[in-house]
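Next up, some structures in structure tokens.
In the two complexes that follow, subunit A is the common piece, with subunit B as its partner first and subunit C second.
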Partner chain A sequence: MAVAAASRPAAWPARIIRSRRTARFLFPLVVLAVWQLAFMFLETAVLPSPGKVLSFMWDEVRMDTLSRHTLYQSFAISLGRLIVGFLIALAIGLVIGLLMGLVRPIEYFLYDVVVVVLAVPSLVWALITGLLFGLGNNAPIVTVIGVGIPFVILNVLEGVKNSPKELFDMSRAFRVPRRRVVRHVLLPSLMPFFFAALRYGFANGWKGLVLAEVFASTNGAGWTIRYWYDAHRAQGVLGYALFFVLFALILERGVFERVSRYVFRWRPQAQLEVVEEAVPEAKLKVATVEAERMAADRGTG
Partner chain B sequence: MAKTLDASPDQLQKITHGQETRVAARKKRLRAVKRWGWRIAGYVFFLLLWDVASGTLMSDRLLVPPAGVAREIGEIFQSGDLWMHLSSTLQKIGIGFTLAFFLGTTIGLLTQSRWWEAFFKDWVTSTMTTPGLVYALVVGVIFGFSPIGPIVAIVFASFSYVTVNVAEGIRALPKDLIDMSKAFRVSPGSRLRNVIFPHLAPYLFTGVRYGFSIAWKVTVLTEVFASNKGIGFIMRVEFQLFSMAGLLAWISIFFILMLFLEKGILQFIEQRFFRWRQEVKLA
Partner chain C sequence: MADIRVEHLHKEFGTGVEKVVALDDVNLDVSGHVFVSVVGPSGCGKSTLLNVLTGIENPTRGKVEITHEGRDAFPGYVFQSPRLLPWRSVMDNLIFVHKDRSKETRERCRRYLGMVGLEDRGSKYPGELSGGMQQRVGIARAFSTEPDVLFMDEPFSHLDAITARSLRRELHDMWKATKKTVLFVTHDVGEAVELSNRIVVFAKGGTIKDDITVDLPFPRDPADQDVAIAKADVLRKFEELDLIAT
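The block that comes next holds the complex of A and B.
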């Protein structure tokens, strides 16, 4: 398309319409239009108009709220819990993952259990920790740990398995000191997997955390959206839902893409792009690992 | 090396029927026995840990021992509530995920054009990152207890996994094969049937596996907040009664069923579908 545009300059309106940036900006506008139409023609009593929701959101942004905490406080409380929980998950998962990657029997011993834990829905974590710990900080944090750990373990395990054996052999042959091997061979080869663990563990931990806050907490972002739900304020629920979407987009685009660009700056450019757009790929990776493992088991057993 | 041996039973058989591989086969069997030994030890260990912990670490009313959960599961099977809740949930998943599949495939096909790709990009990213709770509450507040709610939630939460995989598959279409079939005047129908579809199939399967695992989780979640029957509803009831045994029993029943659908049935279909392949492993 770019070539065509360059060789035969189109009239400017056509060029603007065809630009990809326009497409991206167009999408929210189309959503708003459809929403407005649905509001006018569907006549459900509860679907709020876009205007109402946007004005609610504006009030929240200006910290003018009926809820117990302002928007910023709620998200800060949740983010704090998420970070504490995920750091713990990272520490435990890293140790277990390395052990599983290095010692075969430990891998057989734990692998199935880890896969089962990975498949436990976050709702289950939230309900069980809610019953066990009651209201407070504990249930949400333990939920984040439980949801995050299997992601960390499986990705670290995969990273250890994928570390380049021939580079280790070579560095041994050339008598490279151990510390430099760790720094320049092991860590860079673990990095993509570690990063995948970070990204997906964090994203899923967030989803679990929000749920746990609904059932076993009295503050935080999850609790606040539940508050609007219980108050039957549709504009509150939808407004907070949009805040969640925005928060996730900011986290994804603003933080993770930047960090990934920094971490993988040593890679050739072409590969960098693959890493960036491979949102589902790391998840996929875990799945293929699983599938592979099952296939392998069937072959031997 | 071991991987290629494992991956194709046909090849394996050919090799083991060869002359010098008897010893290797025995070694392999020994390794398999060891692996299974450790695996079973893992299961037993964690079940025992659970059994010991309940009653010593925490009261056995809070951390119900495995036997207690098993008893509760038996009672649920006898009471007959199971089928009512289960069928209601499965119905919603069935309808919702079928819709999500078609929507996801359509959008995935559209993203061949870079313009449409840019158009849908933010939507796809944000539906993947939004917590299920948000869908559940939004749908609950708009549709109330009507069964349309969960279906809408399923469609929105799971279609993007199909979309992303279809888009990925299209991006990786084998250009050379398509060019060749054009050069040899293969009819478009046959090209679709014999080149494009076999290439897309593994991507579709991955999308379905992912989408499905999201779909059932979201269904249960919406039922927790806005429904008067279904597995999610009964889970909330048990939670509100502070009945850990009941909660764990319902969770395990549903959990095992879904794992069976996901890992057993879907994977079985997938393997049947790809039995013409040399390797079981996907791309």
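The block that comes next holds the complex of A and C.
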């Protein structure tokens, strides 16, 4: 890192403009500006101003709402359903995935079904479970199970197939006891696949859950956005949409990324920052070399 | 030190038309502080022999006895690739193959890491080390269990020539200092001549074709005339046995 800094003493404004963080931070500001301009020039009654949406969101955050439940209650209800549904999906998916990974005929028998289930849109799950179970907890939870299970199965299957045979043989050659092999070889080797299942299953389960709540529930975050929609409060719909995004971000950044960074700390990626800094420079170099080569080609040809 | 006795060993994979004979009536006696290389072309059953000897695979027929003073000998193993647990530190990788994590175990692991020049890398993860260093960790792991016999399966074939050469030297020093019985599989005749007292020649089909004693003083420099001549002799035998053309 010190080497990188010393070899390229860029002036600080250049570094700030080029930095990835600035660009990332700039994006929402640009969106807000475009939105504000659109609002001012289009003079539409449908599109609420950013200020109106933000003040709605602020009211919600302070628990000052017309809806039946506060923001926190709504998201707590939804999160509870998501967790229950996903835990069930995890339990069932783990068993089916392990069976498919260990017994060939079971894999052949079930593989196509799993792929088909994976292709079922969450909307279909939401509507069918709504028809089956009516209003309440069941439809959203079963939707999460239906959407989440294929992700769990496919990832567990992949994990079993990628089990590190070399390391098992090594353990056997050194006569390492079975319990220690399970704990230190098998389980860690399944972790990447477990995490993939967790991330995708959770994210997709959440989308399905919100839909199911719109159709087949009387509370939760999905129901609340529907409530504002029915009340013709565009700021409520947009405000809740932003809450969804924030919720997903908090889950991803605050929980999954942290946990996975801890669990996979052994992966060689210590110098991420340096790599990040070095990339634009390297690309530039490649581009220059390429341009020179092309110029030379033109000269000779 | 250990005594290895292999009698009429057969190993077959698959059945019927797909049957492959990997080992065909292999007989071998190795004992004492010796370094024995098993040399032969790819796919001749060298690695299968090691897998059977270490119990990773069961023999189809025949007898394998590896003893040390009348009891079952404890083996150590160095593989072609390092085979380290990427999610455990270097030190934990060594401790993993030991019976406990007592103070003596740690001390011993640290000592063997020192012998391969990695005493200060114990807390690193394998992914943070170069390929040569990882293989050194694998060697330290095998020696740290203080095995009666050491099995090595082409441990240097994935390394660049310079790293392989310095590791061969380290291995020789460790073998001399610890007085192990070593069975070393390789396809590199030069390597075999440089390291071993005895070279067992394997041919396709899993049979032993020759058993050569290399009687030269250690340490052997591959650039040395006697060593070069010995290597040429072994290669000539290969040609006589018709191992090279096929």
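One rule holds in what follows: the second predicted complex is superposed on the first by the 250 of 301 C-alpha atoms of A that agree within 3 Å, B and C clash if a C-alpha of one lies under 4 Å from a C-alpha of the other, contacts with A are read in each partner's own complex, and residues count from 1 in each chain.
We take it that a residue touches a chain if its C-beta (ideal position, glycine included) is under 8 Å from a C-beta of that chain, and two chains touch if they have at least 3 such contacts.
Because the structure is a prediction, the values reported are computed rather than measured.
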Subunit B versus subunit C as contact partner of A:135, first or second or both or neither: neither
Touched partner set for A:63, first subunit B, second subunit C, both or neither: neither
First (subunit B), second (subunit C), both or neither touched by A:121: first
Touched subunit A residues, subunit B compared with subunit C: B
Partner chain(s) touched by A:20 [first = subunit B, second = subunit C, both, neither]: first
Touching partner for A:169 - first (subunit B), second (subunit C), both, neither: second
Subunit B versus subunit C as contact partner of A:231, first or second or both or neither: neither
Partner chain in contact with A:188 - subunit B first, subunit C second, else both or neither: second
Overlap of subunit C and subunit B interfaces on subunit A (superposed complexes): none
Residues of subunit C touching subunit A in the complex: 51, 54-56, 74-77, 79, 81, 83, 85-88, 96-97, 125-128, 145, 151
Subunit A to subunit B touching residues, read off their complex: 1, 18, 20-21, 23-24, 26-28, 31, 44, 46-47, 105, 108-113, 119-124, 127-128, 130-132, 203, 206-207, 210-211, 214-215, 222, 225-226, 229, 232, 234, 237-238, 240-241, 244-245, 248-249, 251-252, 279-280, 283-284, 287-288, 291-292, 294-296, 298-301
Complex contacts: residues of subunit B adjacent to subunit A: 3, 5-9, 12, 28, 31-32, 34-39, 41-43, 45-46, 58, 62-63, 114-123, 125-126, 128-134, 137-138, 140-144, 161, 164-165, 168, 206, 209-210, 213, 217, 220-221, 224-225, 232, 235, 239, 242, 244, 247-248, 251, 255, 259, 263, 267, 280-282
Touching residues (chain side subunit A, partner subunit C) in the complex: 166-167, 169-176, 180, 184-185, 188, 191, 264, 266-268, 270
